[in-house]
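So, here come the structures, one by one.
Each of the next two complexes has subunit A plus one more chain, namely subunit B in the first and subunit C in the second.
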Partner chain A sequence: MRNEKASKSMPVMPKQPVPSVRPSVLSPQSSVLRTEFSLYLRFIAARIRGQMQYRASFILDVISRFLVNGLELAGIFILFHRFSSLGGWGVGEIVFLYALVTISFAFHEVVAQSFEDFSLTVRQGEFDRILLRPITPIVQVLASDFQLKRLGRVLTGVVALILALMRVHLTWTVGKLLYMPVVILSGIFLFAAIDLIGGTLSFWTIERTEVINVFTYGGVYMSSYPISIYQAWIRRTFTFFIPIAFVAYYPGLYFLDRTDPLGLPRFVSFLTPAVTVIFCAVALCFWEWGVRQYQSTGS
Partner chain B sequence: MRLYYEVALRSYRRWIAYRAATISGIVTNCFFGCIRALIFIALYHARGEIAGYDLTDAVTFVALGQGMLMVLYLWGWWEVADTIKTGSVVTDLSRPYDYYAYWLARDMGRAVYHLLFRGVTSFVVIALIFGARLPASFGQWLLFALSVVLAAVTSFAFRFTVNLSAFWLLDVRGVGSAAAITATLFSGFEVPLVYFPGWLLLVSNILPFRGMMQTPADIFLGHLTGAGALAALALQVAWCAVLILGGRAMVVAATRKVVVQGG
Partner chain C sequence: MDDPVIVAERLEKTYRVPVKKGGALKTLVSRGTQAVHAVDGISFTIAPGEMVGYVGPNGAGKSTTIKMLTGILVPSGGQVRVAGLDPTRQRRTLAARIGVVFGQRTQLWWDLPLIESLELLRYVYRVPEARFTENLTAFRDVLGLDEFLQTPVRQLSLGQRMRGDLAAALLHDPPILYLDEPTIGLDVVAKGRIREFLLEINRERGVTVLLTTHDMADIAHLCPRMMIIDHGHLLYDGSVEAIRDRFGTERTLVVDLETDEPSPLTGLPAEEIRADGLRRWLRFRRAEVTAAELIAAVSARYGIRDLTIEEPEIEDIVRRIYQEGIGTRNE
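Moving on, here comes the complex of A and B:
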């Protein structure tokens, strides 16, 4: 780490074990993690207080986001008014997939959007300042852009879920009720991890890596429909490489009591949490590596 | 005229400078186009014609839509509203040119860039992957080209009007999103208008947005020919005229209202 190198170059400093000022998120020091987490909560509490100062503007923002995203939902309904079904999937089932992916993505936008604009942080030299503070960088970046108004999109997802459940009569079981929150939570982490990877890339590219949008926004758009309709390379990319198919489609098969037309075994529906944990671990390692490689733009 | 040509040329060159953005934009457009096309392929499975469109029509519409998307630039254009907010609009208004024509020229320069570099490429890529229906005659190409130009002008006139509302509103974003949603839905971008249920189609017929996407596409696909195509073009011209005159009237009204705070 950089601060250790710095202390070596100064011989005047007494040789004593320097405590790691900037603990890695990966190191399981529970007390550190707890402090960081409580700090994070205090940061976002302050942000929420700030954002609620302009109540009217906040409400308008939420409504406008709700409507903008509702456009896509309206599009699905208009299409299915003509086509009635897609490869055996009815409008209710498609909207159910849309709802799952939208709710996850929207919550991720509330808490973790900051990594989408991270290249700006790097370009303006703001990241140097972040490195100097004795709090894990990732916590600082996450806390820097907590936007409650993005709940508007969550609202679209919830409305979609209600509309879907009015059309498909799901047979609810205890298992489904328990698994649904797990799937949504996993989805939030998965999207956040994709943004984290995109953010890490901006250590090298400086320019905003717009192509990552294909995986986030494109992934969301794609996930509203059964993955089975896409070509093999798209299915593989979003299963093995950027596993967005695990946000809605694979668990959706279980919720909707459907089988995959391509003959995937049933247990794939339950891999969502495991896949998320692995993907997040990979993203975090990449981020930690990126932070170590980071060289300031110097401006 | 020479001045506005130069303005458009400068604007075009400004856009052309960002090569990396162009490439990643094309990738994004094409990816979304592929997804949309594959959705239509799945929807049309074992179905012939739906609402007068067959699968080739639908896929061609998708390719055209991805091509036109950036030409029309419906989302997030606030340049004029921003100058009103910062006050620099005062300098713009006092310059010795026609304020409206200046912005029109700037936007046309941008539209030409987006047409040549984003539009044509996206269309060609999607058309090569999925196949498309091309106009059969030179006349049809010509009508289509005219329709696209009119679409670009309509889009500008509409967005400019929305931007000008910043003279009267404190925050133009709310109106702006509402405007963009309406335009996206009723132009046929989100879903081709032919699939709309009857009552929604009636609404779309009395709005100017159909001319931004559905009309050029229908000319391209050969669903609008002869007198029908000419009537559709005439309607596009009429909407352009209404929107431009409305926008110019707003500029006049606003200039009466603007008070310059001495520095």
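Moving on, here comes the complex of A and C:
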């Protein structure tokens, strides 16, 4: 990722040719990535040290997050106390979907929350500083708000997963064991990419949060339930446009040995990683474009 | 003379801002825009090792220019070259060769002790360990960092934070340093310390410095050359001496008398323009009397407890340039 491509409005000075090589270009791409990744780790290590200065507050934060999200989980159980099944799905299966979404979403909150508050970064001029450093902007933005305390919600997800597995007696296979972490990781990236798109919007507007929250928070809530119970346009939106259905429902069909009531072929369950890669690529392109717009508008 | 390190030619930046007409709803729908020429075709060059003051009233285009020189903003027109690079196309390469300090914002990590921020920046800029230690030792000494090196940045005073920010901006040995209002909000002692440091790094390391400021005293202490910008145009580019002789001719001596005297004070080569109890403001012209002569004259007649000399504000100078015109533009 470079933001140094030719820009239309900026003619090259004829007198001195632009030096075509730079240290970071000379070295292979992989080593650039490695350097930036190790910097990212240093940044977040520093942030964790900063956050750990207030240990008691940290622990309280984790616990309260766990409890607040635990209420949501309790809500599902209360709901199923009245209705024993929903669209043919039992409570254990629903909680399993909820666990998948929650774990992915909560991890994404730990690592990628900074894009949710990115409009503040832009408004306060902090993005200028990011552009002044010889590191990829996205690495710096990601590292700027790494919040370990949000692990409380991950905990809720793990508890939900345990409760779900106690009820559904899932038949484990090697394939399922291997695919589970892939699905969770994909989910983290998918949510992060949605936030990245939302963050990019803050280059133009400060009202972005509400719009994108419909997709993140709304998406989380929605995809805790089997997507087959929704109307067609909702299913299509969350499959093709904002592919949150690939976080839990589609791979969930495979884990739970169910077939889609609407007759989707089995392989759809395995599309999660591919869909994630494509969606992330689109989000990254949009971001890169946004950064260049920022540079020429100076908002 | 060496090849210039900073070249700007007919540099322009035009913002499009939405125009409000009619009610809120109409504004939402129509989105009419108006062009604002923040920087409107300015040209200058800066040679290595120069220390240049870049001044102008608020909204004159100072920050916009600096942002174009760093690659944060793409110019709308004209050309710019810094350290042989095109700032927007080679922004990240350039980043390693410039240091930037924004007086009102810090680049240090808020939660961390200063030393940890500096360590992180060592990795960001890939400064070799030996060089890092060398620089840090030098800066600790001149900037007096030792007393707060282990303190979290959020607990630092403004002056301490600024010293920390200066060290942070210079750790990677940038040949060019941009300073945006480096002394804003600081007391006299802190300002003095920062000016001394800037003079030293300019002298010892040959760092080229471009600084924006509102404080004419910064310019008087630091910069042989100044550029004045207003409404996106360069009003003046030349020696500070010349501008002071022509437009900054009136200074003010503020004295605190020991005993109350009838106002105005008389028999002095200056005019009393304000009185507040024991404190008197005496305006005098550089060409007519030196500050030393005036002080001697005042103290011969009255007892003085304290005194300061106020340099003309940049706004006053810009106003006078407008009133009287300027013959020596881009000399």
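Here is the rule we go by: the second predicted complex is superposed on the first by the 263 of 299 C-alpha atoms of A that agree within 3 Å, B and C clash if a C-alpha of one lies under 4 Å from a C-alpha of the other, contacts with A are read in each partner's own complex, and residues count from 1 in each chain.
Convention: contacts are C-beta pairs under 8 Å (C-beta built on N, C-alpha and C of every residue); 3 or more make two chains touch, one makes a residue touch a chain.
As the structure is a prediction and not an experimental result, all values here were calculated from the model.
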Which superposed partner A:214 touches (first subunit B, second subunit C, both, neither): first
Contacts of A:126 with subunit B and subunit C, given as first, second, both or neither: second
Contacts of A:82 with subunit B and subunit C, given as first, second, both or neither: first
Touched partner set for A:60, first subunit B, second subunit C, both or neither: first
Partner chain(s) touched by A:282 [first = subunit B, second = subunit C, both, neither]: neither
Residue contacts with subunit A in the superposition, subunit B compared against subunit C: C
Partner chain in contact with A:41 - subunit B first, subunit C second, else both or neither: neither
Footprint of subunit C on subunit A - complex, ascending: 2-7, 9-13, 16, 18-19, 22-24, 35, 38-39, 42-43, 46-47, 49-51, 53, 124-126, 128-129, 131-135, 292, 295-298
Footprint of subunit A on subunit C - complex, ascending: 7, 9, 13, 15-16, 64, 67, 70-77, 79, 81, 84-86, 88-93, 95-96, 98, 100, 102, 105, 107, 109-112, 116, 120, 123-126, 152
Subunit B-touching residues of subunit A, taken from the complex the two chains share: 57, 60-61, 64, 67-68, 71-72, 74-75, 78-79, 81-83, 86-87, 207, 209-211, 213-214, 218, 221-222, 225-226, 229-231, 234
Contacting residues of subunit B [partner subunit A, same complex]: 20-21, 24-25, 27-28, 31-32, 34-35, 38-39, 41-43, 45, 47, 50-51, 171, 173-174, 177-178, 180-181, 184-185, 190-191, 195-197, 200
